[in-house]
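Input: one structure, supplied below.
Think of it as A, B and C in the order they're written, each chain with its own count starting at 1.
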Amino acid sequence: GQGLPVFHSGDGTFSFKPRGRIITDVTTTTGSKYDGRNLTTTGMRALRMGLEGTVGTHLFYQFESDFSENAVDVVTAFIGWKNKIAPGLDYDVRVGHLFNDRSFEGSTGSDSTPFAERTVVATAIIPQRAFYGLGIMPRLFWKTGHASLTVTGDRIDGDQSASDNRTVIARAHWNPIKSPRQVLHLGIWGFDEHLQPGKNSLGRNTVIGGRFNGALRLSTGDIIGGTGTTGYGAELGGYSGPLWVMAEAGERHARLDNGRPDFVTQAWSVSGGFFITGDLPPYNPRLGSFGQPKVLRPVFDGGPGAIELTARYENLEFKDIATPAQGWAATLGANWYLNSFVRFQVNAIHWNTENTAGIYTGKDDGETLTARVGVTF
Amino acid sequence: GQGLPVFHSGDGTFSFKPRGRIITDVTTTTGSKYDGRNLTTTGMRALRMGLEGTVGTHLFYQFESDFSENAVDVVTAFIGWKNKIAPGLDYDVRVGHLFNDRSFEGSTGSDSTPFAERTVVATAIIPQRAFYGLGIMPRLFWKTGHASLTVTGDRIDGDQSASDNRTVIARAHWNPIKSPRQVLHLGIWGFDEHLQPGKNSLGRNTVIGGRFNGALRLSTGDIIGGTGTTGYGAELGGYSGPLWVMAEAGERHARLDNGRPDFVTQAWSVSGGFFITGDLPPYNPRLGSFGQPKVLRPVFDGGPGAIELTARYENLEFKDIATPAQGWAATLGANWYLNSFVRFQVNAIHWNTENTAGIYTGKDDGETLTARVGVTF
Amino acid sequence: GQGLPVFHSGDGTFSFKPRGRIITDVTTTTGSKYDGRNLTTTGMRALRMGLEGTVGTHLFYQFESDFSENAVDVVTAFIGWKNKIAPGLDYDVRVGHLFNDRSFEGSTGSDSTPFAERTVVATAIIPQRAFYGLGIMPRLFWKTGHASLTVTGDRIDGDQSASDNRTVIARAHWNPIKSPRQVLHLGIWGFDEHLQPGKNSLGRNTVIGGRFNGALRLSTGDIIGGTGTTGYGAELGGYSGPLWVMAEAGERHARLDNGRPDFVTQAWSVSGGFFITGDLPPYNPRLGSFGQPKVLRPVFDGGPGAIELTARYENLEFKDIATPAQGWAATLGANWYLNSFVRFQVNAIHWNTENTAGIYTGKDDGETLTARVGVTF
């Protein structure tokens, strides 16, 4: 984040910066036919503390832990090496606990998502080990895009009594149009995951309709005996001045033992936003994801900040299993960025679920309203 | 704390400061008729790491986590906005995980309490969700007092499967006398809490006779079926030169379902201290609580530090339930402040308990000796 | 670590420095007759965040927590006082959560061990409460050695319902030869631990053959009814130019109730290393342990860094119990220090175990290969 100073050693050999996020939410749901889904809850979307540093011009490291559920959840923790290959061409290699490079919103940090929760493409077309894994990720960057390859074992834990599951992820994005006020974004990605016996549960319980209602999920119930997952997706979008659009789609095949057919997940979404204050969308052309916006007239300089109106439709289906599920959500929202790292967010979501497992089965729909305030430093 | 530097950005727009506490205790109890209460234990009263910052002149944030039980316990974590209304009149509004503004010692930080544990008014006349909740707290400050209103849900956690309990707290203090060496302090406060079905346990197990003896408690046993709590209290005290006195009293009514009578808690205490080194008590007139003292002659400048002798009587009763309990404690203590943020503390406590639930029933009494060293930074 | 700046207050009264470590491993084992031991796993050896500070010239403090198992594990957390007694003679006293001063490698930090795991002398000749305890440790330092005494209760936790176990540890080291390029190191240490009823389990499950294979242990199974432990050991080693050798041996007697004989543990090891880049071994003559090396030509200044080849033999035996165990390991390794605080490490281990408890019984042997990258800041 830009909200904290960078410290340098006297001889300039190393630098250091604290890092953190405080993102707090309140959510209320109405209209479900189930009382147990009409909840009002509070929660922290992220509550992080950490630091990042550099040694010389090539070595860098970062470590951040999340405390938002009143427990430790190590997020990014790595050591990396970066270098230039040629003008406009550079690379880095990072080793440690790494965040997936996978899907446009899936690759966007929790402090930069345009909505309160990521699209179902990012939350459902995912390795079973989820957003993080311990391993190695080389990345190549050129002027109009990047590509990455990730090989990891399990996420960080204290259990070394069985071999790790193994995941390979690749992603690339390309900007065939890239001018000061216009960008066209194309992205593809995929992953393959091998599951060890005893570490092979495939049950899903995916958020739809806002993050902080624990009863509002698309659920498959327990599915055991997985042997692996393969997923892939595509991204198409961009911006022209203050208007942006992003379409994402993906599919996941989860393989099961004993000759059972693959458990298939399909997801797609179309999102967009418009900055009524004229600011450009916070597109990061190096990583092909959203980052922190450059606010033209920050509140702290007497301006109005940046105000963005947003909309999204997303659709998710779990199929080819005994207890399939499907659902969709439509979201209208607004973001008010006081400056590049302080923001308010409201989302109004109409959601529609059809589960066959769990206690909230059958067709159900309702509305969720969520408000957020966040600072990244 | 004052023990760490404040960092400013080059343009002065934001500032940042690490925060933390290390407070370590050893406690020994003798004289109980139960061997299981005559314990010698070590413990950390607080072990905190965090940071605070400002952006511009209005926005501020803070995040601190406690690790004293070798687990995460998020304490303060908020984003706030402050402003002046008129000369001598200002306000702030904070959103996030907030510490109760409730009772004089209950509003005093763990690094500033005059005794090893807060008075039973602060630890027993309390919402069931305890010292912290996730929500919003506006506060108004004038030259001779302040008032606050707090609305929160549950404390921070990872469970959003049921609606949050809801708590409203208000407190105000007033200094009818406020001169450089004399202050008269009046305070009132109250709270109302609504409990959700399934989150309605009212059992209490309140420390009396020092913090770090887990067997030395006033206990009600399990009480389920609570529907809400209402509590209120008053504070009367102040200081004249190096001598301070503070009386607190409060009562809590915990409502039960099925027409049962309220479970009533009554508590009161009288505390006082005298700085034999002539320092003024560490009264914070803005918040109406204790803070860090201004030590006239710190040890680090070759002085004796500030030395304070303290005494307290406190009385607690749980009544109108099947298993009532009552007890009192008398404490003699001394605090040696090396400077404003490093201190030693010893407390000798004679305690007297009468439980009807749990394994330590009947009349019992004994002595607890506790020693502490702490640094706040 | 040296990888971060030290901050000073304007008047020089206090200083402050963030601290941390990121040490990440990958390990693979082959050749065991048990499939359950032929594992490939990832793990973080250490993932720490903390800070240290001073107030004036005498008072210092430190607090560091480890998150490497995706949970909190408070490591060092203390407040200390240091002073000079005479030229070449000084002392400090620390109160809080303290790391054992016990054995050469046992006293070496996780970021400075010459191999991926400490010698079995350090991991097996140990109080039952393990590496940390809450208490007090005075240390005396003279020009050619140091001595320490430690008295602690349990490690830091949230349980004060029973009295703490009590441990006393002492260690001294002496350098009869100490010149710029030659050091002879002699060390002795011992401990005595008293166990409380109900906190008296003596079962051991000690790593042999690398740290991150949870199935590769010397195991005693459950042993309950311990009343205390007594252990002692000796260290003999030193360096001449870039070559170092260190021999350690120790024995532990764990006392059992009901007249059972002592459960005896015996361990010894011989280790050595050679810096082919000519650097001196990272011996810390003040503490009698390894610390961070002074790299002659760091990679960040265009040099090769420091490259060290290492070897170790270690032997461990659990005896005089119903289910004894024995094993040994021989390790060849290499360390590449990019600078004083960034390093790569590889270890190739041939191990040999003979358990009579657990599921991996009988004679077994195999090979473990482990690689590590670490940064300390």
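We adopt the following convention: a contact is a pair of C-beta atoms (placed from the backbone, for glycine too) under 8 Å apart; a residue touches a chain by one contact, two chains touch by 3 or more.
What you are looking at is a predicted structure, and each value in this text was computed from that prediction instead of being measured.
Enquirer: Can you grab the rotation angle between chain B and chain C? Superpose on CA, round to the nearest 5°.
Expert: To bring chain B onto chain C, one rotates by 120 degrees.
Enquirer: Are the two sides of the chain A and chain C contact the same residues or different ones, given that same means over half of the numbers occur on both copies?
Expert: Different: when the shared numbers are divided by all numbers used, the fraction is under half.
Enquirer: At what distance in angstrom does the C-alpha mean of chain C lie from that of chain A?
Expert: Measuring from centre to centre gives 39 Å for this pair.
Enquirer: By the touch rule stated above, which residues of chain A touch at least two different other chains?
Expert: Only 7, 18, 49, 71-72 qualify.
Enquirer: Contact residues on chain C for chain B in the complex?
Expert: 7-10, 13-14, 16, 18, 49-51, 53, 55-56, 58-59, 61, 63, 65, 71-74, 77-79, 95-97, 134-135, 152-164
Enquirer: Per the contact definition, I'd like the list of chain A residues that touch chain B in the complex.
Expert: Chain A residues touching chain B: 3-5, 7, 18, 20, 22, 24, 26-27, 36, 39-44, 47, 49, 67-72, 212-215, 299-300, 338-339, 341-342, 373-375, 377.
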